[in-house]
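These notes are about the structure you will find just below.
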Amino acid sequence: MDLATVIGLVSGTIFILMAIILGGSATIFINVPSLLIVIGGTLATTFIKFKMADVLGSMNVAMKAFLVKMEDPQAIIAEMVAYTRIAKKEGLIALEKENPGDPFSTKALRYLSDGYDEGLIEDMLNKDIRLTLQRHEIGQNVFKAMGDSAPAWGMIGTLIGLVQMLSAMDDPASIGPAMAVALLTTLYGAVIANFFCMPIADKLTLRSEQEKLNKSIIVEGAIGINRGISPMVLEESLKIFLSPKERDKEQEKVVEPKAAVEGAAN
Amino acid sequence: MDLATVIGLVSGTIFILMAIILGGSATIFINVPSLLIVIGGTLATTFIKFKMADVLGSMNVAMKAFLVKMEDPQAIIAEMVAYTRIAKKEGLIALEKENPGDPFSTKALRYLSDGYDEGLIEDMLNKDIRLTLQRHEIGQNVFKAMGDSAPAWGMIGTLIGLVQMLSAMDDPASIGPAMAVALLTTLYGAVIANFFCMPIADKLTLRSEQEKLNKSIIVEGAIGINRGISPMVLEESLKIFLSPKERDKEQEKVVEPKAAVEGAAN
Amino acid sequence: MDLATVIGLVSGTIFILMAIILGGSATIFINVPSLLIVIGGTLATTFIKFKMADVLGSMNVAMKAFLVKMEDPQAIIAEMVAYTRIAKKEGLIALEKENPGDPFSTKALRYLSDGYDEGLIEDMLNKDIRLTLQRHEIGQNVFKAMGDSAPAWGMIGTLIGLVQMLSAMDDPASIGPAMAVALLTTLYGAVIANFFCMPIADKLTLRSEQEKLNKSIIVEGAIGINRGISPMVLEESLKIFLSPKERDKEQEKVVEPKAAVEGAAN
Amino acid sequence: MDLATVIGLVSGTIFILMAIILGGSATIFINVPSLLIVIGGTLATTFIKFKMADVLGSMNVAMKAFLVKMEDPQAIIAEMVAYTRIAKKEGLIALEKENPGDPFSTKALRYLSDGYDEGLIEDMLNKDIRLTLQRHEIGQNVFKAMGDSAPAWGMIGTLIGLVQMLSAMDDPASIGPAMAVALLTTLYGAVIANFFCMPIADKLTLRSEQEKLNKSIIVEGAIGINRGISPMVLEESLKIFLSPKERDKEQEKVVEPKAAVEGAAN
Amino acid sequence: MDLATVIGLVSGTIFILMAIILGGSATIFINVPSLLIVIGGTLATTFIKFKMADVLGSMNVAMKAFLVKMEDPQAIIAEMVAYTRIAKKEGLIALEKENPGDPFSTKALRYLSDGYDEGLIEDMLNKDIRLTLQRHEIGQNVFKAMGDSAPAWGMIGTLIGLVQMLSAMDDPASIGPAMAVALLTTLYGAVIANFFCMPIADKLTLRSEQEKLNKSIIVEGAIGINRGISPMVLEESLKIFLSPKERDKEQEKVVEPKAAVEGAAN
């Protein structure tokens, strides 16, 4: 599971709870009808905006995105380098026996061992990437749409509460608590939008980009293996995908331009 | 009719009604002059912004979009495969006797049986798609414009109510109810924009994309039939239009790259 | 004059008046200093933003756009077809005697009868279209800018009123009416922006597109006449500019692809 | 100085003063600390956002833009036509003695009289235009940034005032005036943003476009002079830069397409 | 350190403090729970939106951007001209002994002295620029995201405070101070977003552009040195990167087009 997301969600919840508890009783902040209109209304709007399968699928995408650990791009490079060593020694057919955990790598190895030609491997794998990104994009759109709807439903709830309060102001003592309840939906809407939906939509975008990067490394690696590029050159050319910081982590090896030249010459 | 839209509209209405009824009398939420200024003003603005035919047409587009069931892309693929079988066996002329429910397919079959050449068939059908999308776009724009106008008219109504209330504050007891009525237009505007117009505009966009997809499958299929591609290859190449999930639904057949190669070679 | 615009402006005004009159005296809604600061301030801002000629010109463009009836594209097509008949029978020189009401058609006919070559005719007429669109765009920008400024000046007026009211709260009875007056500028700003300026800017955009369409038909027609295309083929090729609905209006003639082929072959 | 800007600034100020004076004492609208926090805060933010030279330069650009009168494009055309006459009669070298007021024309004439070749003249002058536009763009960005910051600082000032007022509500009589003062910063922010910064940023954009037009006429003219085009043809081809209205001003001469043809043939 | 930023931050803080202190006690503006929910919540949201390394890295980027002085582009040009003199006299190998402070120049010199060919040097250095820009962009995005979150958390804090105040309105005397505290979070959010995060994001964008300019000069210079261009021509061609103002600073030397021609001819 993504650590930064966990830290963010937990610490943010703690800050909200702290603000609530320091100010007195927390029970005044829980109001089931208010919760129902904000969450229910937001989901209702989302159902009108999207296909049912997309709404349900987006929850799935979000769950998987946070629970399934993203593989480290460096580990993927190491893996691809290991496969190219096997292919050099035992031939492409030997890759059939390899069993990487990731289904995308498995597919890539199967294409290699089945002897498809390079253009076909590249096409099939890139289409897979494109479809995954498309599925992720729907997930992001659903969360963004919920982030847009929640404050609107918070306002609708508050307006309903205000109209009810204002049309029955017989007892001045009840004005305060009634208005407090009316404001709760606005609070719920603001928290749901700004603390849950919007940040999660942004994180899904980031995850999607990282997954694209990881899969691009695999595609590039598979093509390299198919062409019979040497392990060292493959490693060098795959490292271009890493950010400079990640490259630094490997003991600041100076990248030799000559090695890169050889790689380009292949 | 689109199920997700129905669920969204019904459940959203229930949540609003629940919030209203739990808080007391529902009659205070019905105010005919307030409804008139928000709905009337929104429609008036829409008439200024668009041509009359476009405003009326957009209602039509929306109605048809929600009442007419979209054909399943898989059913369309199955249909196109059936037609290619007929064409192979009995010749293109035999397609004249076929009678698909959809007018677009009917048109495609007529062009095939009349023996027009491939470029012309593709041009005529693609122009039809383009014009349909254009008509849908006007519908989306009308609903988006209404979604922009409704909150503005809600605010105009509330301001009128506030001015009236403030300039006649003789009786303090009347302030509350008068302000409640003034806020009603803001509530109406928020509900109309966020619960009706905006989500429906978004759904129309989605429908438009789906319809484009369906018609693209038919165009691609008609071209394939005209070229005499084999039914199996046609099915394979049309399935590329499906999302991976829809492909999975058909018992997870492993897509054979070799079949795709044959298709490409044709 | 554009019917939808008239209906929108009249009905919207009626809805506002209804809301005002149903709530009591209408005189409280008229406040000359409030009107002056909103309208005057909006115009002042518009003068700072644009050249003086552009501000005055935009009013002119808007007036002409609403008072001058747009010609029906079908009537224009019929006219162009009639001219091609004349040109076929009596030669291009005979077009000199024709007198279409529209100055753009007149100019096109003069170029044809003067015997300019096709490229030159196309260039001159397209430049005319481009300059007209540019003039319209300035009109749209002026109205959009006014729509942006009006609510800001409404807020400035309300803030001035609130400061005056708050700094002299000796008589509690005067607070209500003073605040009512302060809110009037916000109301004026909202009505001016959302009911007048913004919708009119949108309508000008639409008009501009329609005028471009009409003039494009004339350009296409003039080129066709110059090339000596047959009236029937010209009509067929000009009808492509019409939306499917407008085409349907002419008794649902089935468009014969063969005719189109002939047209393309010319 | 730009007349529309002067009219806008003066009349807008009059409308604001009128609203203030009609409502009673104007002194309550002047509050030095409130002015300091809005203007000071806005400038502070602008300093953080930009380089110091850019902030100071933008004031300079704005001043020059409003005080230096833009040359009329028609006067520039007349001037270029006069130079082409001189060049025809006395040779390019004679242009050295000419002394146009504008430094850009002076530079163009010097390049012509020094005998640089056409490509070089065009490159050097176009680079000058590009750099001027770039400098203007920084000016526009600074004013836009100030227009964004001013309302935010108005709100910060109002919040500070409200907190102070609310935390010391011992004397109910002081609430009104204290809140009046608190609202002043919001008023200042709204006026500064909507009446000064935003419109001036828009006018700078317009000026920048006009200056680009004027300089483009000079570049085109200089190239024409270098090529030895006849004065009449040069005038015709430079007039294409004018808007149709400006062309009409010259006694509605019918533009002869034949002259344009000759110009194109050169 | 960037002087304009310091001036902006210091003067802005002074203006805020002045507004606070002139209005009475400053202690009412310090409320630890309010600070915690705004700052804590903003950071929590940022953690959900980005990867942990990116959040921490962005602080680093911002710090370095404000503390490390940007090199003057003119100094860089002078340096490159000096290196080309050395290379002309002692050969490219002599550049190895040079030790510029900037790691990017050092890298460029090393590539030159190692004798890599031009295309490779350009590729390697441009990739370095691209990666730096990418890292800066993450920093800008993090600050922009914090600028978006802070006002939202300010509103959440105020809503929590209002609900607490409204649900316990027994003592009217406590309403004012409680509401003052509730408003503090909105104030904190506005200051953090408008005075810190947003302007700093903008300044980082500007810094990033300047750094790109500086590094582009070095790349251009390195290529020139490798080609053996004369020092004077190199200086002339590198000065094109300077803004006209910076060029003026060097005693208004008239740029000789002839020199530029020679430069272009090389």
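Per-chain numbering from 1; labels A, B, C, D and E assigned in written order.
Rule of thumb we're sticking to: a contact is a pair of C-beta atoms (placed from the backbone, for glycine too) under 8 Å apart; a residue touches a chain by one contact, two chains touch by 3 or more.
Small disclaimer: the values here were computed from a predicted structure and weren't measured.
Counting steps between touching chains, the shortest path from chain B to chain C takes 1. Looking at chain A and chain D, the chains that touch each of them are E.
Centre-to-centre separation between chain A and chain B, using Cα means, comes to 28 Å. Mean C-alpha positions place chain C and chain E at a centre distance of 46 Å. Chain-to-chain contact here is organised cyclically: the chains close a single ring, every chain touching exactly two others. The cyclic arrangement of chains, read from chain A in the direction of chain E, is A, E, D, C, B. Every residue of chain A that touches chain E in the complex is listed here, in rising order: 3-5, 7-9, 11-12, 14-16, 18-20, 22-24, 28-29, 173, 175-177, 179-180, 183-184, 186-187, 190-191, 193-195, 199-200, 202-203, 206, 240, 243-245, 257, 260-261. Residues of chain A that touch chain B in their complex: 33-34, 36-37, 40-41, 43-53, 55, 57, 111, 114, 116, 120, 124, 127, 131, 134-135, 145, 149, 152-153, 155-157, 159-169.
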